[in-house]
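Which chain is which? They are A, B, C, D, E and F, in the order written, and residues in each are numbered from 1.
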Amino acid sequence: MEPNNTLITDTPEEGRALAVKLSRLIIKATQPDEAARNRMRDIYANDPAMLISIGQVVATEFSTIAAANNY
Amino acid sequence: MEPNNTLITDTPEEGRALAVKLSRLIIKATQPDEAARNRMRDIYANDPAMLISIGQVVATEFSTIAAANNY
Amino acid sequence: MEPNNTLITDTPEEGRALAVKLSRLIIKATQPDEAARNRMRDIYANDPAMLISIGQVVATEFSTIAAANNY
Amino acid sequence: MEPNNTLITDTPEEGRALAVKLSRLIIKATQPDEAARNRMRDIYANDPAMLISIGQVVATEFSTIAAANNY
Amino acid sequence: MEPNNTLITDTPEEGRALAVKLSRLIIKATQPDEAARNRMRDIYANDPAMLISIGQVVATEFSTIAAANNY
Amino acid sequence: MEPNNTLITDTPEEGRALAVKLSRLIIKATQPDEAARNRMRDIYANDPAMLISIGQVVATEFSTIAAANNY
């Protein structure tokens, strides 16, 4: 997670970045092979339905971070 | 995010606009190539299932914004 | 959004109607062409999976409205 | 919605029933033709993925009802 | 629902079990035929996408139960 | 669940680990056959849409854990 292991960020902008990071870490934990992840990146980056789903995951992570920070 | 890096908006209407903006920024971060995004726009704007999914993402972002603003 | 730009409604029933309206406005913003939206309406109104997804979006919008109104 | 237009129920059990009812009313509003809804019922009642999605909608509606009732 | 019609459980573990139970009861209400449900069980228990979706429903039900219990 | 049957963790990092664990336990409860689960693991670990959905489930479980811990 964060270097300092916390959900607290200085700004909402950094909170968004943390939400993206948390989303990616779950994928990394489920598929640890970097080459496999890179192959899939080309797929989801050009698939509108998957891009929308990624937006959904980040929105969910961000709602948790926003609540923790009382933005 | 916002010019002033905040989730606080003057009205619910502006909160909706911010929710749409946040949703788009995630897609932009995942697919930085503007031409690729434009190609996909034609697809999802004419696909009812994807349009519904976009509504889901915006609804989730908006719930976070609404909580931050005590609408 | 609402004529008076607010999430506050007199009754839960009106809150449901607002949730439906918010869901539709996002689709309208993403696909501004009315003819295109009408063509898609015939599709999703007869597709059970899409109807269920619409229910999901409205449920999410309504949870935000319900929280704002302390129903 | 309810005869008395409220999210408040006497028991969690009745709250579950209300969540199911709210989910159905959205589908009814989107597809007002009863014959069309009945045809789709045979489809989603025998499709495990759709049944799971229905469970998701009801779970979301119920979370709103549970919050309103302080169960 | 529960024998005693409540969301309150003694432990988070029992709360998880209740979340699973609530998820199943919705499917049972939508498809009351036990033979049909058993046929579908073989399908979703061997379909990774459906198993993930089941996890999503249970997670949503559990969030409601956790809030009710102040875990 | 946890050895000590609680949602409380020392750090957000451990909360993330618990969210992953809860997600897996639901799949295990629905498909108890370990060989079947291992076969499916190869599928979802190489399917970008499923990996994104797993991220969604973990994000939802984590939001519950974060609320319980007041991160």
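Criterion: a residue touches a chain if its C-beta (ideal position, glycine included) is under 8 Å from a C-beta of that chain, and two chains touch if they have at least 3 such contacts.
Bear in mind that the values here come from a model prediction, so they are computed numbers and not experimental data.
Undergrad: Which chains lie in contact with each of chain D and chain F?
TA: Expected: E.
Undergrad: Hey, what chains does chain C share as contacts with chain E?
TA: The shared contacts of chain C and chain E, listed by label, come to D.
Undergrad: How big is the gap, in whole Å, between where the Cα atoms of chain A centre and where those of chain B centre?
TA: 15
Undergrad: Report, in whole Å, the distance between the mean C-alpha point of chain C and the mean C-alpha point of chain F.
TA: 31
Undergrad: I'd like the Å distance between the centres of chain A and chain E, where a centre is the mean of that chain's Cα atoms.
TA: 27
Undergrad: When you check chain E against every other chain, which residues touch at least two of them?
TA: Those would be 44, 49, 53-54, 56, 60, 63, 67.
Undergrad: Which of line, ring, star, complete and other names the graph you get from chains that touch?
TA: It is a ring, because the chains touch in a row that closes back on itself.
Undergrad: Following the ring of touching chains from chain E through chain F, in what sequence do all chains appear?
TA: Here the ring, read from chain E toward chain F, comes out as E, F, A, B, C, D.
Undergrad: Would you mind writing out the residues of chain E in touch with chain D in their complex?
TA: Going by the criterion above, the answer is residues 1-2, 5-7, 22-23, 25-27, 29-31, 36, 40-41, 43-44, 47, 49-50, 53-54, 56-57, 60-61, 63-64, 67-68.
Undergrad: Which residues, counting only chain E, touch chain F once they are in their complex?
TA: On the chain E side, the touching residues are 11-13, 16, 20, 44-46, 48-49, 51-56, 58-60, 62-63, 66-67, 70-71.
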